[in-house]
Structure formats: C-alpha cells, structure tokens
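Below are structures written as structure tokens.
Presented sequentially are two complexes of chain A, the first with chain B as partner and the second with chain C.
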Partner chain A sequence: MRAAGDPVADVAVVGAGPAGLAAAAEAAAAGLTVVLVDAGERPGGQYWRHGPHDDGPPGGHGRRTFAALRAGLTRTRTRTLFGHQVWLVQRDADRFTLHLRPAHDTVGPGTRALTARSLILCPGASDRQLPVPGWDLPGVMAAGGVQALLKGSGTLAGRRAVVAGTGPFLLPVATGLAAAGAEIVMVCEANPLRGWLRDPGGALREPAKAVEGAGYAALLARHAIPYRTRTAVTEIRGEDRVRSVRIAPLGRDGRPRGGVRIEVDADLVALGWGFTPSLELPLMVGARTRVDTDGSLVAVVDDRQRAGVPGVYLAGEATGVGGAALAVREGRLSGLAAAADLGRAVDEGRVRRLQRAVRRGRRFATALHTACPVPPGWTDWLEASTIVCRCEEVTYHDLCHAARDLGARDPRTLKMLARPGMGMCQGRVCGFATAQVAAALTGRSPQAGDLLALARRPLAAPVALSEIAALDETAANEEN
Partner chain B sequence: MTGRPAGGGPAAPGDTADLVVIGAGVVGAAAAYFAARSGLRVTVVDRGPLAGGTSSAGEGNLLVSDKEPGPELDLALYSQRVWREDLAEHAGLWEFESKGGLVVAASPKGAGPLAALLREQRARGIEAVDVARDELRDYEPRLSPDLAGGAYYPQDAQVQPMLVVAHLLRMARLAGARVLTDTEVTGFLRAGERITGVRTGRGRLSAPAVLNAAGTWAGAVAELAGVRVPVLPRRGCVLVTQPLPPVIRHKVYAAEYVSDVASSDAALQTSPVVEGTRAGTVLIGSSRERVGFDREVPPTVLAALARNAIALFPFLASVQAIRGYLGFRPYCPDHLPVIGPDPRAPGLWHACGHEGAGVGLSVGTGKLLAQALTGRPTDLDLAPFAPERFSPPTEPPTDPSTDPSTDPPTDPPTEGNEPSPTTR
Partner chain C sequence: MPPETPSGTRRPDGGHPCRLSFDGRTIHARPGQTVGAALVAAGVVAWRATRAAGRPRGLFCGIGVCYDCLITVDGRPDQRACLVPAADGMRLETGLPGRAADARGR
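And then the complex of A and B:
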C-alpha cells in the first residue's frame, strides 16, 4: 500500500529490459525523479537475464552497457520496484496511477499503487508461436523460452534438439544449446535468407549486428550444426513426449513441397517465429497502433518516442520488434524526451544522434522482417485435429467450422464463435496464429483493427478479485 | 452450407428481396430466421461482422425472474415458449441450458419487496420457489452464509448469444436468406412516403419492407428515414474469471435492485450478477450507466463489480479475473422495446431497444414480426411496443442523468467486446 504523502514521481518506467533501463537511466541523469517497475526479480528483461544465484552482470552481448545503465540507476538513487506487475493504468488530468500486484508470492503485499506525471512504457515482447501438429507435446518449446531457461537457470531442456522457424534469433538459441552440451540435429530456417548468414550486416550499415551474425556463423561451423534454409518442421511426433520431427522443404510460395519429408529423432524442438509485442499497457493509455512489416501489431510513436497521448512514451519491442540494441537507443531517447518535456535541459545534439541511430536500427529491423516472413502457406501443415488455442483446446477444425459454416470472416468473430484466445492466456499465445488462420480461410489479410480486437486487454494481467475490489481504496488514498 | 456467401458479396444493383433486415445481431438474426421460414425472401445487412454489436458484448441469460408484470414480461414468457418449443431441436447448437435463476436478498429489508414481486409474478404464470435462508446453500453451496433468503426461478435459462446469431443466420440461409456483412446502410429508397429499400455502401437493395434491427444504433438508422426512435446506450461492464471447476450452478443475483426501483441515482448502478459458463469461467456483472458510447471504464466500476460478487460468494476473493468487457444496451426511455411497423414511414419496421434482455426476447420478437409481416394475426398484441408511441409531440431528448428508472439486472455478458481499458 502506498505510504501517505508518497510523492508523485516525475516519471514511471515500466519494464527494466534494455529499453526500460536505458529510459530510466537517462531520465534520472537529466534530473527527473524516476521509479522503475518490473515484474521480474532483477533488472535486464529478456535480453540480460541472470543466472539463478548471481547478482553480477549477466552473460550476453552488451554487458558493459548493462553495467553502465545499472550503475547510473544506483548513482541517481532511482527507486526500483522489482517483482511488481502493473495490471492497470489509470490516466487522470495531470498524472498516471499504476496499480501493481506482486508478480510472485514471495514479494508479500508489496506496493499496490504509485503515481507519476509521465509514463515510459517498455513492456517488451513475447514469443510468437505458430501451431504445428504435435506442438502441444512436452519437449516442444518456443525458442525464446528455451533461451530463457538456458540463461535463467542453466537448464538444458533436451539432449537432441531441432531448432526451427525463421530469423537470426534461431542462431543464438542453437549455439547456446550446443555450447551447453545438446546435440543440434538441425536448424531449419524457413526462408532463403540469401546471403544473410554470409554477409549478415550487408549494405545495412548496422555494424554491431554484422559482428554478432558473423560470430554465430563461426559458432555454427565450430559445433558442426547443420543449417538448412527453406525448410520447416511440419509435424512433431511422439506419444507422451517428442520422439521425432518431420521436416519438409518449402517451395517458393512458402508451402511445404509435396511428397518430400525427412524424419529425424529429437527430444527437444525449439520453434522461433519472431516475437509479439506486449501492447496491453500502451493500449490501455490510448496509444495508436499499426501493422509492422513482420505482421505484428505495434504501437505508433513520433520521432521522440511519444505515443500521441500527453505524457506517454514508448520504447523497445512495443514499437516494433527490433532487438536489444535498438531497444537501448529508443529507451535513451524516450528518457531524454520525457526530461525535455518536463522542462529539463537536454543535449539536443544527442537527441538527434539517437534519432538517427533509431532510424538506422528500424531500417535494419525492417530489412530483417522482410527477409524473414512467416511462410505464407504455413497453415497448410495444420491438420483438422491440431490444437490452435491450447487454453481452450480449440482445434484447426473448430476454426474451419466457424469460418465455413458459421460465417466468421475476421479473427474477432472467430474468437466469439470458436473460443480461441478466451482462456487464461487471453490470446497472448494464439492471437497471431488465429489472425493468420482467419486470413487464410477467408482470403482477407488481417487488418490492424482485427489484430487490435485480439490485443486489447482491459486487465494487463490476471488479478485476484479482492485486488480489484480494493481499487476504490487506492483511489481514495490518491485524493489526499 | 448453402453455397451462399456468409458475408461479403456486393449487393448487385437492382437487387430485390421481400424483406431487408438491418443488423446481424441477435434480434435481426431471429427476425431473419422466422421471416425466411415463413417464405419471405430475406436479405440481412450489417456494417460489421455478424454479432459484432451488443450481441457479443452481453451475457446470454433468458430471464423471467427479473421482470415485473407488464408487456415485457409477457414477451419474455412468450419467448420462453419459442426457445423451448419452436427451437427445441436446435438448443444444443447454442448451448441452451435451463439452469435456473437464484435471486437472493442480502438483508431482510430486501426480502420484503422480493416476496411481493414473487406474488405478482406467480399470478402471471412465472414459476418461482421460495427459498428460506437455511436452504440457500442447498442451491449454491458456496454462497455467503450471511444472506437473508431468496427465490428460485426454474424457467431462467442461458444460451451463448454469438452462437445463437451464427446458427439462426445459418438456418435462415438454408431457408433462402442472404447475409451481407461489411455492408453499411447509408440511406433509404423511397417512393413518396413509402420506404422501398435501402442504400448501402455497396449498392441499393429494393424491398417492400425494411426492418430496423440496428440495436443501440437503431435511432440513427431511424433518423435516416426521418422518424424518431429514441434508443440510447446504457453501458454495462462484466468481469470474467479464470476457468474454475463447476462451482456456481445457477445464475445468481441480488434482489436489492427491487428496492432500488424508485431510486433516481442514474449515474451508476451495480447489482451483483454471478454465473458460471460452460467453459468454467465465471461472469460477474453488471453495471448500468448512462455515459453515451464512452469505452473508458473508471476503476470504481470494476471495484464495485468485484466487491458485490465477493459479498455473494466469498470464495471469489482469491479467484483471478482474466479480463473485462463492456457493451451498450439499447434502451428506450420507457424501457420497452420497439417492435412493429412504423406508420410514419410505411414500409419501415422496427425491432430494437431491447435493453438488457435482447437475447432472451429476440426469438419471440422475431416470430411475432414474421407473423405481422406476412399478414397473419400475432400471438401477442404488439400495441405496447408500437414505434409511433414516441411522437408526436416530440419530447426533448431525455437527459440521461435524470432518467429515474432502474431496470433489473437481466444481464451479465458473454465473452464479448473488449472494453478499451479501464482508465480515467
């Protein structure tokens, strides 16, 4: 519960990943009072993950950046609230009230609400998943989840792994698993990725990424990992858990080519189809959205990371999936912009440099998205009995029935009639796939409005009814 | 499948039908179904998808328990027969469940008016069982021990309204109807005073009869024809819990609203309405506010919903809500729906303004309209629902903040429209 007389912060930053840490550090360095909130127990987000028992800088690229940002927060005595999940944001004339709940039981009652004059939202993204027959078997995981497990607890989820999907993120997952002792049977990249691996930076002038890519190429070679392009996992087999995986070459149209299949034994399948930005909080405060090149719904910002709602800034994956380096740049820019808007003097030259760096990073991200689309024909590998929504056990057949017989022509109507996304995860897992299935069944590509209908979540996280009932109290406390 | 497009498909110019239905909500779907089955060639148009309006933003209770004697109760009882007899063979398609309603009085003060209402309702043919304080938990084991008593209404039932819409339209198509989604009605075709069809974003549709089933937006549609039908939005919010094993068997709500009837506090009313769904989630309603089409729900409303529900079922305190949603009930100042031909614009018919009971009343409304449209006598007198009751003289638009009536909690919603977040 908020202590009486608790001051209103200049800015509340939600998310302590690369974007949020950078935002908080910049805003604090510019003289703002900052409070930084994250549901996780430690700073770092998805990218800078800690091992189970260490407090030092985590592994991964950019650890010097991480150390510097964290030192900045310590120096400015920035207030941090870890283990606190924001489930509701309330916008009043001159302030925002964030309603919090403990993300884990260990935190105890914790802080229930805090107020700030402006808000920087850096909520990151989650794994984007595409169903495939057998993906609900134990041993099948999202690529980000495999990586999180590996980084977070050093746990190896299996011994013989197939890593499949699209995009450069498959590489650290494969090399990470190999380094931890797993045998990588194959990396299946769905797209041709002409030259990307050989010349990862290419003409894109993104030196850091190029170096990273070249490094992975060397690692793949060192671990003798077979890397196949234009190939996808089209079926996962096993009874109680994964035993084998069927792999098919994809044609130019992105559809599995008829006939040819190979089957390999595996006990771990890591599927990486990109990331879905977490838009609950941005939408809650009224951010506008667009469909990004990768097909995800993302929030729209101006060239100073402003959301078009007074006092609201967004940075990181929520504005478009672009990786940690871009997230840091956007975070810094948002912190400076918030400081400038609250009347602090900021170095406009630096702002412009960051703006250029953000634009560069966006161009690179867009080029990557263009090179790594979800294969347009992926729904061909679904079988009638394939589960699309795991919470509600909705099958592909159920979706086909709703579309063909009941007249659902858009993802929201599909959800109303067949229930994908109605369960515990509220479509966080199956929303993208449902929108794509709707598109494939009706021949109408997903519109921003369709995706928005699935992305809006009036509660950013599940919350006990007793906590909702106590909203009045918190509101009353804000009055004094 | 009929081979006809479920949606889409441009309206060919010069396209004709016997009846154009504006609105693919539950009311429009029911009217289309009964009209098509009566032999009329029907075209349904909706500017959005099917069930995209209030019909996917409410709950699906078919209630008699919350109605006071009068024309609405008569229509509710008539609709009960249509659900249970005419449509009996299809009940499974829309998850019809005759679960029964339990109305509870929190205090002896609430028990008195409830008993009085019960007497009147019984006189009108409603089945109701008195439930003494110590019997309440035989019906609902998890109810709070602190309640004063209640009544059990075996006729109260539940459906999944979006499935009702989809299947009624599917069966209407089987009977020859056509459904055009993403097609907005932008005006009417006229021959003198007469309405002879509609203008849509995709062309004209000619028909000697046009039915306005545009729900909460029916006032705007009526205006296109130059007549006044004062349908206004009344916002309702619902919380949805995590899926639970079956713990709440009936629709359970508090009788307190009965003693509130004379209240003029129109700003916000919340009476607890709690029920389980087939999927295991528990729906918690419901609020009533007249705030126009504002989608931003203040936290105080959510808090009131949660608090009221916990008062009835204390175990809910530790249960998680996974989402909330809201909808806009179509209400008229006299809280009666508008059903029938409009003598002010011959050829125009209305079926709108069903407020918090449109799902329950839809099938009765549809069947009565089909009778009237085909020139047969109606099973129930439509006079109390006549459109022309609103004019002349034109009353000034009702100020939402001074309308004193409080209507019963016919509604907690089915999985529906996402409220845009609870803010401000």
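And then the complex of A and C:
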C-alpha cells in the first residue's frame, strides 16, 4: 500500500454526504488510496448535518450507518479535506486535477489542488424553488435551509412558520421546527399525496419508509400541526420582512382556485418543491444528462454508477433525487466499481445485491416523484412584479417581455436578453423555474436542453481572477 | 488522519459562547453557530441590500448556494454568512447606509 498522503490518490471523492461517505469507505476498504473533499466543515452532507460539538446528527435516522462510515474513514486512514470547495476539475491523460479554494476567506488558503486517477462525484442537491410573490422577503427560506440551520447551528429560523411546497421532506422540516419550539401555522402540501402519508402501506416495498411515514403522522398529531393537501402559498406579504402569508386551495389542474383564500400571520416561510441536483462538476467532466421523473435534470450513470467517461463515477442526488438511504447504496456501489476498475478484487455478489437495492430505491423514488409533481399551473400565481431570478432581480414581467416582445423562444436567449441565472448563484436557485417559465411562455413543456442551458457553469464557484491566472503557473511548474 | 481544513488540522475550538460585533453592536453566538445563524438568533433577518432595488436580504438557501447572505467579515467582503462559523471577536459589517451610524449613536 502506498503511504497516506501520496500525491496522486487512486480516487478522489467529492462530497462527504451519505453518498460520498459510503463511496470513500468502500473504496478505501477495497485497498484504494482515497481523498475525500467537502466544502462543509465536517462530514455528513445535508442528511447527517450536525454541529461541531455533536458526534452525529440528532435523531436515530441512519445514525449507526453514519457512525460506521465515519469510523471506516479513520480506520483506513483516509485523507479528508473539509472546508474546501472544488471549483474546477481538469483531466489530463490518466489523471484528474481538482482545484480547491476555502469555502470562505476567513481562514488560510488551505490545499489548492489534488490529483487522482479516478473521481467519484457525490455533490448532492439543493432545494428546488418556485418563485411566488414576496419570496424574496427576509424570513422566507428554502425548507432545507431551515433544516440546516436547525441541525447545524441549533437555531430556529422563526417562531411562527408556514411550511409549503410538495413532498415528504416538508414533514421533518415541520416536525423539527415544532420540536424546537416553533409554532407551525400550517403545512401546505400542493399535491393530494394519497398513498404515502395517508396510506403508508403504499410504501411497503421500502419498509423503512413506511415506518418513517407513520412516525411523521404521529409527530404531526402530537404537535397538533395542521397539514393541508392540495394547498399552496400564493403570496407572501410584508415590507422589510415576512408578516403574513396568503394560502389558496389548488384545483385538480394544479392552479389556485379563484376566490377562496386565507391569510395567516407568520415570520417564517419554508419553501421546498423537491430538490435540484448539483450538476456543475458532473457536467464539467462530460457526464450526460436526462430529465428525471420529477422534472429535474440529472446525470446519467450505468448499473455501476459509471458516468460513461473513463474513471468517473457519480452517486447520490446528482444521479436522481432519491434521499439518503439510496444515496448510501449508490455510494457503496460506486466505490466498489472504482476499486474493481482499478484491478482490486471485489465481492461481485455484493455488487449485485447493491444493484438490486439501488433499483428498488429508484422505483420508490419514482413513485414519490409521481405523487409529488410541481403543480402544472404554478406560473398562475406569479405577478408581473414577482422576482424570478433573485440575484439579478429579474421579474416575471422581464421574462414575459423578452419572450413575447423580443422573441426569446428558449432559455439560452432568454438568459442573454433578460439575464436570469447570470448572477452570483449562476442559476442554481432560479434555473428550474426559469426553464419552466420559458417553456410555458412558448406553449411547450420543458426539455433537457432548456434545463441544461441554465445548469452549465464554467466554474463550480466564483473565484478571483488571480486564482484562475495561478492555474497557468501551476501547469508551468509541473512541466518543469 | 486528522481532517484537514483551510486553517490547518486544528479542530474548531470553543465550547464557549462568543461575542461578535455587527455594525458596531454586540451580538452573541453559541459555539458551533454560523455567523448567519447567530444573526438570525439575535433577531437580525437582513444584512444586505440588493444592487438594483435595494431590497433587504439575509439567509435563503442556508447551505452556500444562493449567495443572498453575503456579509463583510473582519474586513473581507462577500462572505457567505451561512457558511462562516462564528468566532469570538469577529467583526461583521453590512455596508448598509445608516446602520453603522445608528449603532454608534446608541
């Protein structure tokens, strides 16, 4: 075995969430030298996020798995880098170079680059958002962000909350807030959601999920949280921060039913419409994409998590949103596949069991996606002045104008003329919605190309020009 | 192997509450809170104004994706408040007009 700290690792794993931790643990256990990088301060990703003084996330969900994976990293002396964001991946003949920068500049420069023979990308996802009038007011947050604040910092984002959007993820957010002392005015689920919460039997092929669903139903009851299906937040009101929220029932067509509306006071609105996979790194190394059943753009992999680019593997939400348990299975599979491709002996029986488990998890995820679509008529609640792109402050009116009066038929042209997705976040927040608006304005449904136009990013993080210039110097030094 | 971070292999120390200054006013943070969390816990929900309309912004995505939460930390502009761990003596500045003057006047 090579010494730890070998300049060229066998495999670099990006992302230390459920998928990345599992990938690193398997690859290291199979005898590969592994380096694991994450922008966060500590391992866990979104699902296992925890504070610096906790030894793991609160609550029991997969806690033992987390502890075992983390112990595995220590046992195999895996090199881990936290607080490092990968902003560029370059490929030279037989190796990858990852360029890193600190996630924030209040600390030293850290490690600038890593090289590895193969690459397992597990970058996860972020909350998917649909703009709504007033969603740019302080006090409106992504549902996952509210959860992250609670899990990572032990901080309540507000005292009186409305949790809205679609999908089972709204439940842990609401019950988490309630358990920490917030009042939940209402959970607004846009879909009927028959067969999951109401009938956990529908989830029987994933028994753990059925138990989880029943558990949340009990928690909602215990905290007396009103849970309304076929209901959406259609307007958020306030001057300098959220004061109240307008809520409307949705018709069968997913459009707000006119007339019937209630208004409730709140200081926090947590919005979540599923998740958007983080594709900047997969796209950078040449992964192909497809539109998944939830309408998100995801990276394509084969039955061993290979990206179709030699030496590149992908696992977790980036290959299709499916939650932490599926991410762990995919991560393990990718680690084993990388080891096998580098000539290590792996247990093929285990590979097949994992492949079956991944397929099972995918089927369950597909069922959930089908039960929790984005309401087709959501653009009905936009007003002319509603901000769609938060960074560049592009309104719905700006998009309509570019599409109708300037003839922007596709997101790429829309982006050039009206600038959505051109700000600091590079379309990570508004990309999905902008693609949907563009399609709606031209009377079609969004295609992969629409989403891709807003998902490609030359760099995975904003960097100083000096850092880009420094790339040439590094290359020159290596040649000497 | 100890985890490597940009500040070396040192674990975040603490266990002690810390004090930060926010446009001249003192706010307290619990160990492990991010700057953004400490601000929200102190009742501050916005610390930036947008370029075009001057609208207030604070935390949105909570995980470093949206860049809504930018703040100046110890003189370094444009840091994501949701990612920076709060540390004792840290100086936070919004650059919002009137703010600093307000705080000094108190």
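The rule we apply is simple: the second predicted complex is superposed on the first by the 456 of 480 C-alpha atoms of A that agree within 3 Å, B and C clash if a C-alpha of one lies under 4 Å from a C-alpha of the other, contacts with A are read in each partner's own complex, and residues count from 1 in each chain.
Here is the rule we go by: contacts are C-beta pairs under 8 Å (C-beta built on N, C-alpha and C of every residue); 3 or more make two chains touch, one makes a residue touch a chain.
Since this is a predicted model, take the numbers as computed values, not measurements.
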> Should the superposition on chain A be reported as showing a clash between chain B and chain C, or a fit?
Replying inline: fit
> So, A:423: does it touch chain B (first), chain C (second), both, or neither?
Replying inline: both
> Given the touch rule stated above, what does A:332 touch, chain B (first), chain C (second), both, or neither?
Replying inline: neither
> Which holds for A:412: it touches chain B only (first), chain C only (second), both, or neither?
Replying inline: first
>> Nearest 10 degrees is fine: what angle do the Cα centroids of chain B and chain C make about that of chain A?
In response: 90
> Is A:471 in contact with chain B, with chain C, with both, or with neither (first, second, both, neither)?
Replying inline: first
> Of the partners chain B and chain C, which touch A:90 in the superposed model: first, second, both, neither?
Replying inline: first
>> Let me test your reading of the model: by the given contact rule, A:70 touches which partner, first (chain B), second (chain C), both or neither?
In response: neither
> A:285 contacts which: chain B (first), chain C (second), both, neither?
Replying inline: first
> chain B or chain C: which reaches more residues on chain A?
Replying inline: C
> Upon superposition of the two complexes, what minimum C-alpha distance (Å) separates chain B from chain C?
Replying inline: 9
> Once the complexes are superposed, what residues of chain A are shared between the chain B interface and the chain C interface?
Replying inline: 392, 423-424, 462
>> Residue numbers of chain C touching chain A in their complex, please.
In response: 1, 3-8, 11-12, 14-15, 30-34, 36-38, 40-41, 45-46, 50-53, 55-68, 70, 73-74, 76, 79-80, 82-85, 87, 90
> Can you name the residues of chain A that touch chain B in the complex?
Replying inline: 88-92, 99, 283-286, 392, 402, 404-410, 412-413, 415-417, 419, 422-424, 426, 453, 456-459, 462-466, 468-472, 474-475
> If you look only at chain B, which of its residues touch chain A in the complex?
Replying inline: 1, 6-8, 49-52, 56, 162-163, 166-167, 169-170, 179, 181-182, 239, 241-243, 279, 281, 284, 297, 299-300, 302-307, 309-310, 316-325, 415-416, 418-424
> Touching chain C in the complex: which residues of chain A?
Replying inline: 4-5, 39, 41-42, 46, 51-53, 74, 77-84, 102-111, 126-127, 136-142, 144-149, 152-157, 240-241, 390-393, 423-425, 428-429, 462
